[in-house]
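What follows is chain A paired twice: with chain B in the first complex and chain C in the second.
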Partner chain A sequence: MLSQSSRLRAMKALLYGYYLDFKSFFEIYFSILLGLIISKFLITPSASSSSSLNSALINCMIMLPVAMMVITSNSELKKKFSFPVDRDLLVLCHILLILVLPLVMLLMSCFFYLVELLLAELTLSVTTNFFYSLAITKSSFLIGFAISYMAIVCITALTWMVSAWFYRHKVPVGVIGAAFILGLIYLDDFRDSVFGLIGRLFHNPTPGLLSLKLAVITLAAFALGYIPIKRMEVK
Partner chain B sequence: MNKWVMIALSIALVLSFALVYALSPSDEAFLSRYASGEYITVAAFDVPLDINGIVDTVNTMYPFTMKKVRMDIDKLEVRVNRNISGNLADFLKANLDVKLFFVPETYDRLNTEIRFPRSVYRFSAETFAIVGWFEHFRELLGNEILICVPMNYTFAE
Partner chain C sequence: MNVVILQDLVKRYRDKTALRGINLELQENCIVGLIGRNGAGKTTLMRTLAGYLKPTEGTALVFGEKPFDNIHVLSNIMYMDDDRFRDSDTLRDLLDRAALSYSRFDKTLALKLLEYFNIPVKARIKKLSRGMRTLFSLVIALMSRCPLTMLDEPTLGLDASHRKEFASLLLKDYANHPRTIIISSHLISELENLMEQVVLIDNGKLVFHKAIEDVQRYALYLAGHRKVLEEVAGRHQVICRESMGERLVLGIVNHLTAEELRQLEMQGIEISAMSVQDVCVNLTAPGKGGVLDVIAK
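This part shows the complex of A and B:
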């Protein structure tokens, strides 16, 4: 039985390991946002462009699920799973990552939003056919930030859960996943009922109710994702 | 990475969040910027007032956002919000190309064709699109251009 302090030390070491792993992840994310800004204002300005806050949201929705698939892959799990790290610590670190990564990414988008405002002002002073408008208020920013964070965490947790099950039971999860995707593509009734269910879940929401629903789905995903990692076999 | 660099980066990120919040207007201030008194007429056209007219088509005002409204006026007007950064009103007065096409004889239906002869670029410093799910925040998006018609006209689309 490990003592409390050695568990804490192991967790810190594990988190530090993930921090080193995710440095390149953040470099990619930083480069994408920077590249979008450069293309937006300097290379080929499009007639209309949206802000970093929205670009970041889409990037998070794509990059974080991919990151979750990677950290639950065979090689990554085995690499991290070495004494004194146990299964509970591993899951706890994954949950911390799922909670912290979107927060950092969204905060980075705020920084890029300010850079955009600065560049917009600069562009305004050198061209006559460029215009910009603010479509943001204090409340819409705060609510948008909070709901975006919850939505990203929820999607990331769901991907982590599916990836964890896939890691443990590749064939059944692969077959069910493929059948689900094919059903969505080819069976109209199935597609309508799935989208109907999602629509009912998110129909006419208020921010509080939507946050509650997303939090419940996230917690369920954490609990379900814990099961296969808890049963993980190590040679 | 150095611990102090990490701390500095963390503070910078939190400050960015605080700055975006501080720079954003309140809901009331935002709505007052898009009140009807904040729009300037950049083009106006005489239209028959003794008929119940129908405006069949108004082409898109891309890249700007547009709203079609009926109001107590006696002309068809294109109005632009005065709070858009970059003096959009003067630019449109000089460059906007608006044409009206009436159905001959009856003059009760008309089409509008609006073009920007010069290339124009727009950046919208907008909030997270996810707030569009909530009705209250959909009202807080603002419209840069209004297409206004007299009360006896309706929009077909």
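This part shows the complex of A and C:
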């Protein structure tokens, strides 16, 4: 009983700590989306109904892996142990973050999608020198939301897992990761072979099958990331 | 009841052995000074007790359980070191986290103390001076009222008046809320009045664990003519020696009888008690001369 109340207290304190940490993270995300949407309407005379969703997706794909690398860094882990916490709780909180952060980010991007729609309608009503394409239907939006969410969660979980294994070797892993991304951008053969591999893995899937594959990979990443954190010493 | 039990505790890092078979028992409700030179293993010992590190060999028990990854034990431990909080954290947020984490945390008194020390709670850690950071950490550590509170260099960066106030605060709070407090510090003379027990470690090994009164009586300085003292040195354990011409100063373990002391005084030998700090320094001397010998060579 005593142990349960200690665990609950520690969980509350840890979640409160992460809430404080991620407040500024969301402020940055909000500012980026707002900046993008405003610049789009100011600079270009056209808009697509999915532009805010696309930019949000790209932002998620960049910001969440970086956040995972930060929360698994040695100094951050050390600070978390300033208050009582065990490794199971830490992993549980990280998993909650991996599940909740993309959801909040996607919901924010949906809000911006509505703002974008509204701005486009307003612009159309006052000028004819504006082009707007509305390509998203309700069902494609829902499926897209679900698949995007699962894909972002999966990528975030994979980054977390790799960061957890190499939490004391962030620099070499960062260099290898950066080299991989640069390879994807500049080396056509490399890009084709990587995308070919991913394509084979997700070959001709239905949304359900794709979700299942993403969920399995995510769960595997959670399990593999738990191992190094469970035996980690705070140095 | 024993709060801490260490049995043959060994902690090895990749290229260094920090603790070499420590056996120690600490009872509840006492203030223990953990003394040792830099690199003696004090911080490793406290970090092992705080559940940060896993023993390589042997056992470390706190409240009868292994502390590593044990939330029940960790909820009753406070470990304060100089690198505890992130620079971007605000004091108010940290106070809130402490109140959430520790069931006995006295937030009202903590706020009063911060106001007394002129530490603004809205400030971020990075805006505080070295001394203010230490004071803030001390307030959090003492107000958590954990049954095992460990303070690693608690006076780092504090000026003389704040060190005095820290001592008063600690004693008053300890009197109101007795618990086991382990203090690791180099300022032994200033903290001597706080300690009830002393644990001296050197090079990862336990030198002794004694009550402060025993340490205060542990050794004597004898100063006088070389001829007389050389004879005394042959019969007693000498822990330090300094000669100035025909005059010799000996530090010996105090096994002298009242009669022997009387006779030495009659022979013109000056006798004085060795301070706790000197006892600790002399017992952990590296045995390769002093720094002046290095310069002389």
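Observations, loosely collected:
Criterion: the second predicted complex is superposed on the first by the 192 of 235 C-alpha atoms of A that agree within 3 Å, B and C clash if a C-alpha of one lies under 4 Å from a C-alpha of the other, contacts with A are read in each partner's own complex, and residues count from 1 in each chain.
Keep this in mind: contacts are C-beta pairs under 8 Å (C-beta built on N, C-alpha and C of every residue); 3 or more make two chains touch, one makes a residue touch a chain.
Since the model is a prediction, treat every value here as computed from it, not as a measurement.
In the superposed model, more residues of chain A are touched by B than by the other of chain B and chain C. With both structures placed on the common chain, the touch criterion links A:202 to chain B but leaves chain C unconnected. Once the two complexes are laid over each other on the shared chain, residue contacts for A:57 go to chain B alone; chain C is not touched. Within the superposed three-chain model, A:87 lies in touch with chain C and out of touch with chain B [touch as defined at top]. Contacts of A:116 after superposition on the shared chain: chain B is touched, whereas chain C is not. In the overlay built on the shared chain, the residue A:138 is in contact with chain B alone; chain C does not reach it.
Once the two complexes are laid over each other on the shared chain, residue contacts for A:74 go to neither chain B nor chain C. Shared contact residues of chain A with chain B and chain C: none.
Chain B meets chain A in the complex at residues 1, 12-14, 16-17, 19-21, 23-27, 29-30, 62-63, 81, 83-86, 88, 91, 118-131, 133-134, 137, 140-142, 144. Those residues of chain A whose C-beta lies close enough to touch chain C in the complex are 2-3, 5-7, 9-10, 12-13, 16-17, 20, 76, 78-79, 81-89, 230-231, 233-235.
The touching residues of chain A, counted against chain B in their complex, run 23, 40-41, 45-51, 53-54, 57, 104, 107-108, 110-111, 113-114, 116-117, 120-121, 123-124, 127-145, 147-148, 151, 202, 205-207, 210.
Of all residues in chain C, those touching chain A in their complex are 47, 52-54, 69-72, 74-75, 77, 83-86, 89, 93, 96-98, 100-103.
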